[in-house]
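Two complexes, one shared chain (chain A), two partners (chain B, chain C).
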Partner chain A sequence: MSLDKATVRRIAHLARIEVPDADLDPMVKELTGIMNWIEQLKEVNTDAVAPMTGGTDMTLAWRKDTVSDGAQPEKVLSNAPDKHDHFFSVPKVVE
Partner chain B sequence: MTDLTRFTIAQARDHLRKKDFTALELTDAHITAMEKHRHLNAFITETADLARERAKASDFRIKNSDAKPLEGIPLGIKDLFCTQGVQTTAGSHILKGFTPNYESTVSQKLRDAGSVMLGKLNLDEFAMGSSNMTSHFGNVVNPWKARGHSDDLAPGGSSGGSAAAVSAHLAMGATGTDTGGSIRQPAAFCGIVGVKPTYGRCSRWGVVAFASSLDQAGPMTRTVRDAAIMLNVMTGYDPKDSTSAAMAMPDVEAVLGKGVKGMKIGLPKQYRPDGLDAEVGTLWDKGAQWLKEAGAEVIEIDLPHTKYALPTYYIVAPAEASSNLARYDGVRYGLRVAGNSLDEMYAKTRAAGFGPEVKRRILIGTYVLSAGYYDAYYLKAQKVRALIAQDFVQAFAKVDAILTPTAPTAAFGLNDKVVDPVAMYLNDVFTVPASLAGIPGSSIPAGLTAHGLPLGLQVLTKRWDEETLFRVCQVLEDSAKFPGLIGES
Partner chain C sequence: MAYIIKGETGDWEVVIGLEVHAQVISASKLFSGASTTFGSDPNSNVAFVDAAMPGMLPVINAVAVEQAVRTGLGLKAKINHRSVFARKNYFYADLPQGYQISQFDQPIVGEGILVLDMPDGSSRAVGIERLHLEQDAGKSIHDIHPTKSFIDLNRAGVTLMEIVSKPDMRSPDEAGAYLKKLRSIMRYLGTCDGNMEEGSMRCDANVSVRPVGSTELRTRCEIKNVNSMRFVMQAIEFEAKRHVDVYENGGKIDQETRQYDSAKGETRTMRSKEFAHDYRYFPDPDLLPLVFDDAYVASIKATLPELPDDKKERFISQYCLTPYDAGVLVGEKENADFYEKVAAQSGDWKLANSWVSNNLFAVLNARNLSIAESPISADDLSKLITLIKNDTISNRLAKDVFEIMLETGKAPDVIVEERGMKQITDTGALDKAIDDILAANADKVAQVSAGKEALIGWFVGQVMKATQGKANPALCQELLKKKLAQ
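Let's look at the complex of A and B:
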């Protein structure tokens, strides 16, 4: 398993992390090393095995679908890097 | 007067109730120690004023015979727990300036129990690491030194600040979190007790998420009894965490001293690979002997999928992390780096805010979840995880508890540069299987290497059986007579 530069660039884009071109080569090498090591899982026969999807065998409990909290916009916005009134501000999205 | 930082939580609890000293005096002694040991870099944020205020409130309650279970006990809180009005960093630059308006359930429970928060403890960035060297706030220094050497050693990670602070008597106990060994491995490196309870025992609400199906909080203390006292308070059902267990936590302090007579203890043969460090192997044998002498039967057991645990973990944990860490986008809190578009702002913010190990794991996680690779990697890992959990179920049909080493080595040097990420991941080879299976595990300081560095033994039991876990831990502690950190206070 070998990742190429284009793949790493694509993953970085999916993850929304800017990677300068100069960092791509070492990153390709490290990620390829990790993925090669992970390849050994292919040896394990998992044909009749159900995936374990959580940390426990408990089933999630039901609860009433009701509002239990809210209506505190100042608190919600108190850590915002940029805000206007009761809104988070971001760069212009729609032209 | 005796140095108040020498007491255990259990001792201090009794002295406070007898009014031998005040909670404020106890807290002040720890604040002094904390300030004197800043070179360890154990704390990211010190909250001395807040601590004094809470200690005074404790003294008031003690005076009125209204003392709670942890009344007046000074604790450190890993900086992964959100604390109301106190900056919470997760060891990352991306949470720059973040001050929560709410308190995590676990730290709230500790507060309600009367404990005094001394500050927020350093950790690997987003709890991703085994050395505390990935923290944006610099590495923590292990208070232990190899005999005759002055080189600084790693405290382990990710709960390295917690382990260092407790070991050096800066705090009587601390919270840790464990995703793949982040409580147990640093506890072993710093010569203290660390307990990761069953997944679901401690609420994850308000704890900065790394890998949600693995993350579990637990206590880090100098004695088994102290860990029991803290864990009794930290656990319990929380409707705000959908994976919180709706079952009562047994009183684990009450089972201490019940011993292990008649218990069966398993030693998994896969945990003794060729080339296992000789001192680690010898200590493991010694631990088994102690349990035998206390009346347990020790047998070899088989956990056939052990070797696949680490690669499984390095798919499952990064996959969950890549999803959990998508929330750090520069919009709602923390760092923002300007960009010409929304996407550019995201990408620049995340490039500047995350360190190299966190980026690496986000990229691995994104890759294994991406179209065309999900089945080959993520689904495959979830299936192998099921086999690993099944190994433990089969083992616990034969034994009551499992004994293993906690880590393959003692603490390594901060200057021993580990360039290969996979080599660093191998630190958690003995702790990760239990995390994947969701079972409880602990590390007990059990001996010293020839160079005078602590080594830990790990105890594992089946899900929800913390009572057996604590009984075994207590016997190991009594037999090991571990000296603790001797030196300046």
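Let's look at the complex of A and C:
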């Protein structure tokens, strides 16, 4: 499998990573290498195995519906680069 | 009746599918123990998971699962005993994770059915495609500061059910009926309060058109986040006409997300096109598959209330109501309960329906009150009907008593007693009133004798006037006929 330049540019944009044009070619090569490495998994016969997203047989643990968290706006906002009263503050985004 | 758009090249029909986001009623959020209370101080209902602090892990709320299954059962839908959470990736200031935890190809609820009650009394089934669980986003506030947006994460992580219909609706009215019915079912179930103004129920509409008789599905546009049933209907109407105009002028429709401007009554393209449909879903590695068994589903099923469709059927057979009348009464469970109480206590389902549905609902609508805030209790309305039935007051006087009940909040029997409004059923008392009127109108008496029988009505009116409406009309007519025949 090989990726093209346009695809890599698009993926970078969707992930909001700025990639200068000069870096695109090396990145295409690098990502294609990773993809090909992963593709080796296709060599394993999985006909009798149901699709899975993890390696364990476990299922989700549930918690009770009780209010046990929150009421800590100072802590929640303590890393905010910009804030106003108890709001996070960001450059204006309007539809 | 079919909804047709008359174009220059022919007739068109509209194809509508709705996606509803319904906020689940629960104390805490989907994956954190922070409160879901509406209107709290900014960022006071936020756990570190909701703020996407590194290293925090989501843990699912048992009630969120139960409410989704409950809603699925209410929609007679397939419940999936195994479902998977996925990440839907996009960037927005009020989405601190950079992705929304949602469900993609393995939702908790599959196909179901919702029956629309149309205004003409007819019914029509609409397919449900799926229902899945997902997180709500935070809230951006744009109007406090000139160059900044303020972010409040209180809503971030609150449980949403996204309920997707099949593209089965063919008119704005059907879309309205769908929303009304879905809201009603969720309120019966106690899974969502259905408050569109507060945003606990939000709707996206997928709209396309096609020539009448065609079965193709043409390119659709999605109208996002419309916040009232009326606006959803208006937006669909506008959008369908726009599609017809574009096609008839030789253009083509782009699949896009649009916004409804209720002030201008039009839809327009949303600027943030780059979001569009490239969410790169993948299974959330923080969350194992959600699994439960038959016994769990059965235990929820055992607690379902009588739902609107069943209640409507019962009202039709038990109280002989028309489908339309029954539909009006069962829309809100509290209204249906109120009606049943009045019908049982007064022993007259028919009068109960007319006094509840016509007289009382008209007052409640005009004053924008819910049945819980009704100025007249079910007990008092039942008493009023009993007074009519046992001939204590006439229908005409009952309307006056009803008005006085609204004003004073007093019980009808007290009002009738205090104001001397009891019907005169005593022939002796009526005899005198009638004799006086006959004596004063000898000319008209003569006309009746000459065959002008219609004048009897006029005499009844005079007697009613003389007795301030308290005469029993039937008795009055009988006595008059007897006397005039002499």
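Everything that follows uses one rule, which is that the second predicted complex is superposed on the first by the 89 of 95 C-alpha atoms of A that agree within 3 Å, B and C clash if a C-alpha of one lies under 4 Å from a C-alpha of the other, contacts with A are read in each partner's own complex, and residues count from 1 in each chain.
Methods note: a residue touches a chain if its C-beta (ideal position, glycine included) is under 8 Å from a C-beta of that chain, and two chains touch if they have at least 3 such contacts.
No experiment lies behind these values; they were computed from the predicted model shown.
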{"item": "Partner chain(s) touched by A:Gly54 [first = chain B, second = chain C, both, neither]", "value": "both"}
{"item": "Touching partner for A:Thr46 - first (chain B), second (chain C), both, neither", "value": "first"}
{"item": "First (chain B), second (chain C), both or neither touched by A:His86", "value": "second"}
{"item": "Touched partner set for A:Glu18, first chain B, second chain C, both or neither", "value": "first"}
{"item": "Partner chain in contact with A:Pro73 - chain B first, chain C second, else both or neither", "value": "second"}
{"item": "Which of chain B and chain C A:Lys64 touches, first, second, both or neither", "value": "second"}
{"item": "Residues of chain A contacting chain B in one complex and chain C in the other", "value": "13-14, 16, 53-54, 56, 58, 60-61, 63, 75, 82, 88, 90-93"}
{"item": "Residues of chain A that touch chain B when the two form their complex", "value": "3, 7-8, 11-19, 27, 30-31, 33-35, 37-38, 40-42, 44, 46, 49-58, 60-61, 63, 75, 78-82, 88, 90-93"}
{"item": "Chain A - residues contacting chain C, complex", "value": "13-14, 16, 53-54, 56, 58-73, 75-77, 82, 84-95"}
{"item": "Interfacial residue positions of chain C with respect to chain A in the complex", "value": "26-28, 32-35, 41-48, 51, 59-65, 84, 89, 91-93, 140-142, 144-153, 259, 270-272, 274, 278, 280, 283, 285, 287-291"}
{"item": "Touch list for chain B against partner chain A, complex", "value": "97-99, 101, 198-200, 212-214, 216, 239, 242-243, 245-246, 305, 307-308, 311-312, 314-315, 322, 326, 329-336, 338-348, 350-351, 354, 359-360, 362-364, 366-367, 370, 377, 379-387, 389, 420-422, 436, 438, 463"}
